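Letters A, B, C and D mark the chains as written, and numbering starts fresh at 1 in each.
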């Protein structure tokens, strides 16, 4: 429709240039749309942003230092707190790297369980985005629809792992919930609870309904399109230069997904598409996540069909000691490439652990992409990058 | 190296507005339907959700099983378990046997203001003295009240559920 | 009862009853907002206050606000800062003076009622601008400026939409406009059929009026001046306690006010066919209330469904589309008025 | 890397072959492949040129960080053989290809006396924050990065927290609760009422 197209892009530039001093606007760290404690020092001329300097570190917990004084088992409990909306997905690359380092391979059933839970974590993380992004654009209702659905997903994760946000379910060589009980019940209760597959596939069916609702509420909404199409365009080469990964990179037309490019776990045995965008604007980034939920539920359904029975845990020594060596392992977190560079000197603790957290890299492009944008677009662009401050600050 | 993948075509979605105000109207239809749907709300203090059996709510202690081996306190990443004990002479288990020294638990505190609910202590306990209970209602007015001592931890034992059946 | 015939006592009574009704109405709309909004979001909304359905929630909120400390930021221009809420409140309330609720139930039956309404309701811009400027807060300043730009942009379509009605009714008295809509157009059998203006070619004016009214109320999708996710709360950022309550009640009062004006001008106001004489005076307020409720519900419904536009998009909508459309509409109405 | 770069593996597998050829193409000092992780050693003065050249085929700038190889370890575990350790910083930069699973970590060595290196930030925009992080965490100077203000820490913070010699206060203000010794670690053959 032309009428909506006409009013869609800002042409608010005043033809008569007035000499006005710039105003410094301090956005955050307490601000409704900074997802926690991000602070932006913006130089604005009226509504237009001349320059923006993100200030982070309000949630810096020093995970890289903390990891140097923790044993590997303790780090597993720590890493799912980096990006708390997709806790399980953070454990996977760390445990894969550790298994590589120690020469252990997890049994196939454990690997499939990791796939299922990773995808559930991806769905729940994307649902948070589907909830919060329209909220940043002013629409409050999708929030409740998406968060309600996420609650069902989190319940599934909790049912298996015992934790909604922080599963701490991965062990070197397998998966295992920390469940108290007699030695015999401890062993028995390690596997997935009965009826889990049925409940999961029910949840995936319900997901289709909720996605339809969300698309009626938000995706097809003219106002959402007016606010996001052609806003905050990130071209592919810029995205690569700034280290964007995940849906943000794919929105820019670079179809790079580690599940396909460098398959880990059993992702090479499932069939799924990787949605790729074209322009790299906010709407593309929004749609990437929207479409990925569908793909994830496809993967979960296939995994339920394909999962074999068998042991959940490979034999590992009681005291975890990694041999000396340096390994970089990465996985496709809901937000992009999540990697750990583990430097081991042969002890119980790593000598150095570099955490390549996704949101940090995704956020580095913020000063570049926000230049010359309007304040309302700042919110739209920032929200579309889908970062979690815990993941930025580590 | 894996070979370069072929990426599927973009654009199974449209950025154009196909029919003006249709999207807005659809959204209003969704909210109108929601207005006349019963909300899926659990009215918390009156009705409670039953957490799943594996939920990590609070740690229960079985004092009889504890041998004061300190494993949990040592493995705890947050250093939030405090254990004290002493050795006691026990009568011999078999008549004519040697009297044995047995460790007795004097203090077992878990500071829930520090605990990060990772479950490592439960996992490392070799004598099944620690259990997870899904109980979650133990908020306190002060941070210092979150230190649960031996007696309090023992009380939680009653809330530990049976492990659920598993998929095979 | 000579005492009650006195001018002053009548005035005081009218004002007191009016205030009571309007503020109760505002509280009811606030309750409707949270409750309808809650259910639209598959929540329940207020539940405990008052024992049943949380009916007393707005009262409890008001009581809470009244207890709060009246804060003013250090950098605030205190006099202006303190005065701004009352300007907004006054403009919201004064509109009700001329809205007819029955043939004789009108505070002041002005000959230029329409003119009065438009003039008074645009005073609230001043209050908003005062609040934005005096708060000593950059968010408030941007919010205030946005509000000013937005309200000016939307005053024009609002006025032009009303002009079309004034042309058709040939009067600027609101009572006259209602009576014009109550005239019998034609008869089917023994029924005298009178149609409100919305069915008499004013549908475009009505749409323009409602869009402009929502923009003037700064509600979603035009809530850029307060834009919680961008400007935290815009010009309301620094307000708390009783002054915030003033703004809050003022917003809902003017929502009722504008809905009442729309109902009066386009939906036939207090009149329905068949209601005449004394019964019109008795039933009129109820009829008007029903019409207002429908309009208020639509405004709430939109607020809980749609996202927010951008300030420049709103300006484009106003200047490029609504104003030309309103002008064309006036021309068409005028031609029809002259021709028929 | 604690041992010298070794490019002459006995029977190079495809990954090693690729790593060696990449190192050759970039005229780097050598390549190490362990645990599927490719590390390319780069001379310090070639750092910026090599990375820029490598981005021709490894397009995605993934991350940049550093390692402090130090004998002086305040918390945690030190290196396995402290006597043979050469005290130094290693600066690492990871680039990945988006066409395949290829990727490499480029490593260069800085001496502790002069921890400075050319900055990638003017050429790769994404490197700026990573360099700021390495600067405040290790005290490494990136010449050419004009914005080396602290990223995480307060402006008046002193010290470089990720140095091995930097103590972790939280581990010092509180005694380890595991220190109380009542009984030795449980023996396997514990019987009776345990």
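In the analysis below, a residue touches a chain if its C-beta (ideal position, glycine included) is under 8 Å from a C-beta of that chain, and two chains touch if they have at least 3 such contacts.
This one's a predicted model, so the numbers in the text were calculated from it and none came from an experiment.
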| item | value |
| --- | --- |
| Any chain that touches chain C and chain B | A |
| Top chain pair, ranked by number of contacting C-beta pairs | A-B |
| Farthest chain relative to chain C (centres taken as mean CA coordinates) | D |
| Whole-Å gap separating chain A and chain C, where each centre is the average of the chain's CA atoms | 44 |
| Computed distance of Cα centres, chain D from chain B, in Å | 35 |
| Centroid distance [mean C-alpha coordinates] between chain D and chain C, Å | 64 |
| Between chain D and chain A, distance of the C-alpha-averaged centres to the nearest whole Å | 24 |
| Contacts with two or more other chains, residues of chain A listed in rising order | 3, 141, 145, 148, 217-218, 221, 223-224, 261-262 |
| Where chain B touches two or more other chains, by residue | 2, 24, 27, 30-31, 34, 40 |
| Set of chain C residues in contact with two or more other chains | 40-43, 304-306 |
| Pairwise touch network: line, ring, star, complete, or other | other |
| Interchain pairs in contact, sorted by label | A-B, A-C, A-D, B-C, B-D |
| In the complex with chain A, residue positions of chain B that touch it | 2, 5, 7-13, 15, 17, 19-24, 26-27, 29-31, 34, 40, 51-56, 59-60, 75, 77, 116-120, 122-123, 125, 128, 130-132, 160, 163-168 |
| Of chain C, residues touching chain A in the complex | 37, 40-43, 138-139, 142, 220-221, 223-224, 227-232, 304-313, 315-317, 320-321 |
| List of chain B residues in touch with chain C within their complex | 24, 27-28, 30-32, 34-37, 39-41, 43 |
| Residue ranges of chain D touching chain A (in the complex, touch as defined) | 1-2, 34-37, 39, 59-63, 65, 67-68, 75-80, 92, 94, 96, 98-101, 103, 105, 124-126, 128-130, 137, 150-153, 161-162, 164, 166, 168, 171 |
| Interface residues, chain A side, partner chain C - complex | 3, 6-8, 10-12, 23, 25-26, 31-33, 47, 134-141, 143-145, 148, 217-218, 221, 223-224, 226-227, 374-379 |
